[in-house]
Amino acid sequence: MKAIGAYLGVVWQILRKDIRVEWRGRQGLPVMLMFALMIVFLFNFALQLAPDVQAGLTSGLLWVSLAFASTLGLNRSISLERENNALDGLLLAPVDRSAIFFGKTLGNFCFTTLVGLLLLPVFSLFYGQNLIRAPLLLVMLLGLAAYTSLGTLLSALSIQARTRDVLLPVLLYPLALPILIAAVEASRGVLAEQPLAEMSSWIYLLLAGTLIFNAAGLLFFETILEE
Amino acid sequence: MLKKPAALVVLDLLSLTLVPVVMLIIIVYTPVEVVMGPVQKVFYFHISAAWAGMVCFILGAVGGAGYLLTRRIRWDWLSSAAIEVGLVFSIITIFSGMIWARPIWNTWWVWDPRLTTTAIMTLIYLAYFILRAGVSTPEAQARLGAVFAILAALTVPLTFFSIRLFRTIHPVVIAPADGAGGAFSMSPRMLNTLLISLLVFTVLLVDLVWRRVRLAQFEFEMTREVE
Amino acid sequence: MATITLPPELLRIDVHSLVKRYHRHPVLNQLSLTINSGDFCLLVGDNGAGKTTLLRILAGLVRPSQGAATLCGADALSNPLVRREIGYVGHQPMVYQDLSAYENLLHSARLYQLENSEERISQALQALGLAAQQHQPVRALSRGLLQRLSLARATLHQPSILLFDEPYTSLDQEAAGFLDRSLQNWHRPERIILLAAHRPQRLLSLASHVAWLKDGRIDAHIPVSALAGSPELNNYLREVT
């Protein structure tokens, strides 16, 4: 029982520390948000679509922006540990090292979700649709849960390479594709006023992804970080 | 230099003879499909290459797991060899698919589940080699490569199901002929040919992977001698 | 200040036929070493000889290719609880730039689930002369102060085993003297100190043993008092400094 307490304590402390560092520096979130908005504008001008067609692309655009913004956050999160070798400090802690995985994943999840929540009203404004609805929030949370757990795992992989920052997108996007597809389709269904039950397959896929990637984190995170 | 084992010599001979034999069978023995014409015969290579690619990637993940469990470098040889050979088979699958698609659907690319999944798998396994190239020590290459190979194998079913939930225009292989959807029914001769092709490609797969593993072994031995 | 957590009989470092390979040629090659409770052992050897690798394996940060390195009977890589007994100071301070010294120590205290963390932290900051700057962001601290913070972090949980990797690098006179005194303080019968030294000569007055890492293994492991009888090691120590 004490061991579980210690484990959860470490997970919680890592999350707290990430939030505190972000609060102190305030460099991660604003950059992520700005990047997401830039993508929206870029696509708007690049695609030059009629308004009604554009509205149908909302869910796709939302998830593309989130995916790209999240990658920035993932890189930053793991780079933080690289500086001054702070990661060693975490590895030395007297708990199972998968706690580091869960702590970092929670941090990444929280930050990306925050960006997502801020994007929803912006999208609603630009595309004349109301994106602030409960089913969409559910899809967003599930999708991001799967995406950030995979992303955290792969960011630990990519930090070991010389090609660090560029490697994460190369590894992440192909593996995350099913998650993104499912998230986009489920979002599209919600925005088209379909009942949630019709999107059950997509939701199950997101759940499966979340489970698989968190289990992988539990199994492999320590192996990735040892030398 | 290590002597070539007798079994490998046999495999080499088998591969060298069986491939032309199966090509002959395809050209002479197998009937021409009514709707699609001669180009349909690409199908035998296409499916067999896809099958071989899939087996290779599973082998890659198995090799990765073997390495993580035993930390013996031989497993890494198997893993990277299998993925390299699998990459080749995947590319063959894509190109043969394109050759088949062009005359029939008048397009080079079709966004159907199986072909798209193969394309994504190709990207994932290219990423595998980019990861390995970016890491400095053989130990890290083996360890990180193993984790990625296992992760990749886990996401392939997810990728397939997610794409399959989309509308497909890929032919359903064994179904009543209806021409319009690109489906065709298989006569007994066609079925036999397919089974033979699958067998031949499996032999070829084993042969190529084995030779590639030996190459890795030679590289290892040579570097050891240099030091 | 020391709380005895382990009976001295159990406190030991046992390294047995340790091998570590990154490329083809092993860095550590059948290395064996035993360090007993109360020892303050200097680890000497050329740059790249493997001192850092050995320390990191002991700390549980690196997995050996073959062989075993155990502390108190268990290895730190697979046994999280053993890590409670280890204090490791590496080449880098292991801190977060944007947080203050106080916050960094608080973070560490929570990772180790320490009780009375506030008290311990103020004591540590006082003892290491960091009280004045404790609330400044760490990026503002000098190298010497950063080193002190690193020492504070490593000893906060009162570990029985201290592993130091070249802690004197780029320290000024004052900081070096401070570290000398701290080491003297920490050297007790119920502790083990293993210190990789770039310039070992000046530390011979503090240490109890010297271990020479050469060609991937321990070439000599003798008490400082017996140095006179090992001319080879003696010469090496003089040359390096």
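Every chain is named by a letter (A, B and C) in the order it is written, and numbering of its residues begins at 1.
Operating definition for what follows: contacts are C-beta pairs under 8 Å (C-beta built on N, C-alpha and C of every residue); 3 or more make two chains touch, one makes a residue touch a chain.
Predicted model only: the values in this text are computed from it and were never measured.
Undergrad: Using the mean of all protein Cα atoms as the middle point, what chain has its own Cα mean nearest that point?
TA: A
Undergrad: Using only Cα atoms to place each chain's centre, name the chain farthest from subunit C.
TA: In terms of C-alpha centroids, the chain at the greatest distance from subunit C is B.
Undergrad: Distance from the CA centroid of subunit B to that of subunit C, rounded to the nearest Å?
TA: 51
Undergrad: Need the CA-centroid distance for the pair subunit A / subunit B, whole Å please.
TA: Between these chains, centre-to-centre, one finds 32 Å.
Undergrad: Could you grab the centroid distance between subunit A and subunit C? Build each centroid from C-alpha atoms only and quote it in angstrom.
TA: 38
Undergrad: Please output the residue numbers of subunit A that touch at least 2 other chains, ranges allowed.
TA: 226-227 - these are the residues of subunit A that touch more than one other chain.
Undergrad: What residues in subunit B touch two or more of the other chains?
TA: As it turns out, subunit B has residues touching two or more other chains at 139-140.
Undergrad: Inside the complex, what are the residues of subunit B that reach subunit A?
TA: The touching residues are 68, 120, 123-124, 127, 130-131, 134-136, 139-140, 143-144, 147-148, 150-152, 154-155, 158-159, 161-163, 165-166.
Undergrad: Would you mind writing out the residues of subunit A in touch with subunit B in their complex?
TA: Interface residues on the subunit A side: 153-154, 157-158, 160-164, 167, 170-171, 174-175, 177-179, 181-182, 185, 201-202, 205, 208-209, 212, 216, 220, 223-224, 226-227.
Undergrad: Subunit C touches which residues of subunit A in the complex?
TA: 5-6, 9-10, 13, 17, 20-21, 24-25, 80, 83-86, 88-97, 226-227
Undergrad: For a test of understanding, state which residues of subunit B touch subunit C in their complex under the given definition.
TA: 71, 137-140, 220, 223-224, 227
Undergrad: Which residues, counting only subunit C, touch subunit B once they are in their complex?
TA: Touch residues, subunit C against subunit B: 21-25, 65.
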